[in-house]
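Since the structure comes first, as C-alpha cells, the remarks are kept for the end.
Chains here go by letter, A, B and C, matching the order in which they are written, and residues are numbered from 1 within each.
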Amino acid sequence: MPPVAAARPRLVVAGAWAAFAVLLGLFPVVFTNPTVTTIGVFTLVYMTAAVAWNSFAGYSGYVALGHAVFFGTGAYTMALVSTHWNFAAGYTMFALVPAGGVVAALMAIPFGLIALRTRRHTFVVITIAVFFVVQLLAFNLGFTQGSSGVQVPTPTWGATQYNNSFYYVTLGVLAFALAISAAIRRSRFGLQLLAIRDDEDRARGLGVKVQRVKLLSFMVSAVPVGMVGAIYAFFIGQIFPQFAFDPLFDVTVALMAFFGGLGTLSGPLLGALVLEPIQQYLTLQYSVGSVYLVIYGALFLLVILVMPRGIVPTLAERVAARRERTQAARLVGEDPGVPPVVDVGSPVGASR
Amino acid sequence: MSALLEVRGISKSFGGLQALQDCSLTVEDGSITALIGPNGSGKTTLFNIITGYVTPDSGTVTVAGADVTGARPDQIFARGLGRTFQLTRIFGRLTVLENMLVATQRKEGWLRSVLRPAASELEQRRAYELLDFVGLTRLASARAGTLSYGQRKLLELAYVLVADPAVILLDEPAGGVNPTLINQIRDRITELNGQGKTFLVIEHNMEFVMSLSHQVTCMHQGTPIITGPPEVVQSDHRVLDAYLGGADEEEEDDVAVG
Amino acid sequence: MGTSIVEAIIDGILTGGVYALMAAGLTLIFGVMDIINIAQGIFVVLGAYLSYALSVHAGIDPFLGLLITIPALFVIGLGVEWGFIRRLREGDRTAMSILVTYAVSIIIEGVLNMTFSVNYVQIHAWYVNRSVHILGFYLADIYLFGFAMAAVLLVALYALLYRTRFGASVRAALQDRTAARLVGIDVRRVSTVSFGIGVAVTAAGGMIFGATNAFNASSSYDLISRLLAIVILGGLGSMGGALLSAVFMLVLEDVVAVVWSPIWATAVFFAALVVVLSVRPAGFFGRQVARAQ
C-alpha cells in the first residue's frame, strides 16, 4: 500500500482510538446510576478478557476454551490472599490485582505444557477438560473452602465511589491488555504466532520455535484475564467455584472475539462492548425466565450467518474493496506477465 | 569438494511399509544433486528425515560434520539447511513480505521478541532484495494466499533464502509450474549455485534435472540404486526399470511393501 | 468391598454402553463433517424431556416413545445442519461450528427452561426403580434395558454404515471429503443425513439418561464435556474408539467412586483424558497424524 494513501486512514484510526478512550473515561461521569456503572464494570472485565484471549487464540489459531481457569485463579488469588493476611478492605486490595495476573500466568505453564501438545479439535476439548479438573479442584480442595466459597473484605469507600473505583482500575487493566495485544501484533513474536496459525509445521521448518512461542503467548494471554478475575472477586465480594470457574465465561469470551473479528485488535473489544451490555440487560430484564438465552443465541447465530468473519474484518473488507477498485485499473495495465493482485482486503491480522 | 550433507544408512518404516531401507547419500559442498525415482521410492520421506520432520529408525544425518539426527525442524533450519515442500507451504493469510520475515533468524530472548518490531530496516531490505531476486517485489503487500502456484514456488524459494542456508532442499521445484517459470526457477538455482549454495533437488522433470545437476541419485523402493553424473544415470537401464516398475536383479528381496 | 467393585464395573459397562451410543453420534458427525457438535449435550437433554413429556402427559412408555422421539430429533438435526452448519465457510468451519452449535445449544436451553422450568425432573416407568438379583449382584432393570437398547441401536448403526450403499458413502466421506466428492458422492447430502443420525441417537441416550438421573437443561454442560472427553480419548472419528473409551471411562469413574470417593470420580474422568492425551495426542484409535505433509 502506498504510504500517501495509508497516511490518512492511519490518522483516522488514531483519532478513533483517542475518542474511544475519552468516551470510556467519561462514562462514569455521565452515567451515575449504579446499575449502569455496574454493567460498565462487567463490560470492561469482558472487554479485557476478550482482548487477552484473542492475543493468544486469535493470533495463533488455537481456540482455547479454558481461560476461565485463569479468571478463577485470579479471583481466588485475590480472595484467599486478602483473607489469609487480613487485608484492610481499602485501595490496598487493588495491589493484589497484578498478583492475580502473575499466578494465572504460572497456572498457564502446566496447562499449556499439557494442552499445547495437541492441535485443533483435540486442543479445544483438552482445554475444556483441564477447565473441569480445575473447577473440581476448587470445589474439593481444602484451602479453597469448597462450595461454601470465600468472602472477600468489603471496600470501605462510599456507595457512589464504589463502582467508579472498580471501573477505573479495570479500565487500566484493559489499557494494559490492549497494549500487550498491539505490541504482540507488530512484533516478531506476533508474526511467528500468525505463521503458526497458517501452517505450524512450515513455521517449524523456518526456524520458529513453535512450542516456546505458543506457551509464551498462552501465558501472556493469561495475565490480564487473571487480573480482571481478581477485580471481579473484590467487586462481587464473595466467590464460589461455579462462578469463578464458569464454563460460560470461556464460550462468552470466544464468542465476543469471533463476533468482533478474530485476530484483530479492535474486534474483541467491539464484540465485548456490544454483547456484554446486551447480556447484562437481558439478564436483568428477564431474570426469571430464560428468554435472554434464546435472544442471545439467536442474535449470535444471525451475526455469524450475516458476517461470518466478524464485524471488524467485514467492515475493513468493504473499505479496502472500495479503495482497491480505484487502484485496480492501474495494477492490471502494469505488467501482463503477472496476474493482477486479487486482494480480498487487508489481511485478517492487519486490520485495526 | 567435501561432503556438506551426509546421510548414512537411514531406515524408516511406517507401520508395515518400509519407506527407506539403508539409504545413504552424499551431497558435495557447492554441488547441485538431484534425487530422482518413481513415486513412493522414498524421496520425500528422506527429505522429511533430513529436515527433522520425521525421526529415522536407524542411521545418521550429518551437516558439515555435525550430527543432526533427530533434531527438531527449527534446529535443523538454524544449522543452515532450508527446504521447500512438494505442495507449496506458504502462510496464506500473511502478506508476501510477512512470509519472508517469518524466516528471518534472530538471536534474541523472548522478551525482546515481544517488544521489538517484526523486522528491522536491514531485515526488510534483505527481504525485498530476495523478492526482487525471484521477481515478486510488486506483490510484496499482497496476501500470499492469492498467489498463483508458480509464484508460490518462487516465494517458498525466496523465504528459505532469507536465513541464508548453506544447503537448500527443493521438493519438485518445477512440478506443476508453467515453462516460463520453470526457466526462471532454473536460472535462480544456477545463479545461487554460482554464489556457492548447495542444492539437493527432488524432481521428475528429466530435462530440468539433466540441465541443472552435477550429480544424480536414483532411488527405488527406499534405496538409492545408482549415483553418478547425469549422462551416466540417464542411460543406465536400472533407472528405466525402476520407473517402468520392471524387475531389478540387484533389488533386495526383503523390501516389504504394503 | 470386592463385591461393590465388581458391581461398579458392571454398572460402568452398562451405563458406558449408553454413553457409547451418544458418543458414536458425536464422533460420526465429527468424522464426516470435521465439526464439533457442542449441542450434542442439549440434544440428549431434549430427548430426555421429550420422553418425559410423552410419558407424563400422554402416558406413553419411554421405550415406546422412542418411536416418536428418535425421528423428531433426526428432523431437528437435519434442520440445524441445513439451517446453519452448511452455511459455514470451508476455511474455518471447525472453529465456527463450535460457536454455532453452542448458540443452538443455548437457544434450546432457554426454550427448555421456559417450557419445563429449571426444577429437576426424572422419567418414571415401572422398571425404573426395580432391580434384579443375578449371581449375587443387584442390577437395576433400567441399566440392563438401556444397555440392551444401546447395543441394538449400535448394531443397527453398524449395519447402516457397513451394509448399505449410503453407509459406504458415509465411510468414504469419513476418510476424505474431497476424495469422496471426486468419486461422485454428494457429500452435502451425506453430511446432512449423518448429522441427523448423529443427533437422532441422542433421543435414545437421553431417555435412559433421564430415567437414571434427575435432570434439567443445564445437565447438558456435564453431558457434553463427558461426551467430548470420550470421543477425543477414543480418537475423533473412530466409532470403535468411542465405544471402548465410553466403557473405559464410565467403569473408571464408577470404580473410583467406590474405592475412593464419588467427589473425585469426575475429576479422575477428565484427568484420565489429560494423561492419555499426553502420551498419545490422537487418542486411543485416532489416526496419529504425521508431522509433515
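To be clear about the criterion, a residue touches a chain if its C-beta (ideal position, glycine included) is under 8 Å from a C-beta of that chain, and two chains touch if they have at least 3 such contacts.
Note that this is a predicted model, so its numbers are computed, not measured.
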Graph separation of chain A and chain C (steps between touching chains): 1
Farthest chain (mean CA position) relative to chain C: B
Rounded Å distance between chain A and chain C, as computed from the means of their C-alpha atoms: 32
Distance between the centres, which are taken as Cα means, of chain B and chain A, whole angstrom: 41
Inter-chain centre distance, chain B versus chain C - centres from mean C-alpha coordinates, in Å: 46
Junction residues of chain A - those touching two or more other chains: 201
For chain B, residues contacting two or more additional chains: 53, 85
Numbers and ranges of chain C residues touching at least 2 other chains: 291-292
Interface residues, chain C side, partner chain A - complex: 30, 36, 84, 87-89, 94-96, 98-100, 102-107, 109-111, 113-114, 118, 217, 221, 225, 228-229, 232, 236, 263-264, 266-267, 270-271, 273-274, 277-278, 281-283, 286, 291-292
Touching residues on chain B, where the partner in the complex is chain A: 51-53, 72-74, 77-78, 82-83, 85, 89-95, 98, 101-106, 108, 110, 113-119, 138-139, 141-143, 146, 148, 151, 159-160, 163, 180
In the complex, chain A residues that touch chain B: 1, 183-184, 186-192, 194-195, 197-199, 201-210, 212, 216, 220, 334-335, 337-339, 341-344, 347-350
Contacting residues of chain A [partner chain C, same complex]: 63, 65, 114, 117-122, 124-126, 128-130, 132-133, 136-137, 139-140, 201, 247, 251, 254-255, 258, 262, 289-294, 296-298, 300-301, 304-305, 308
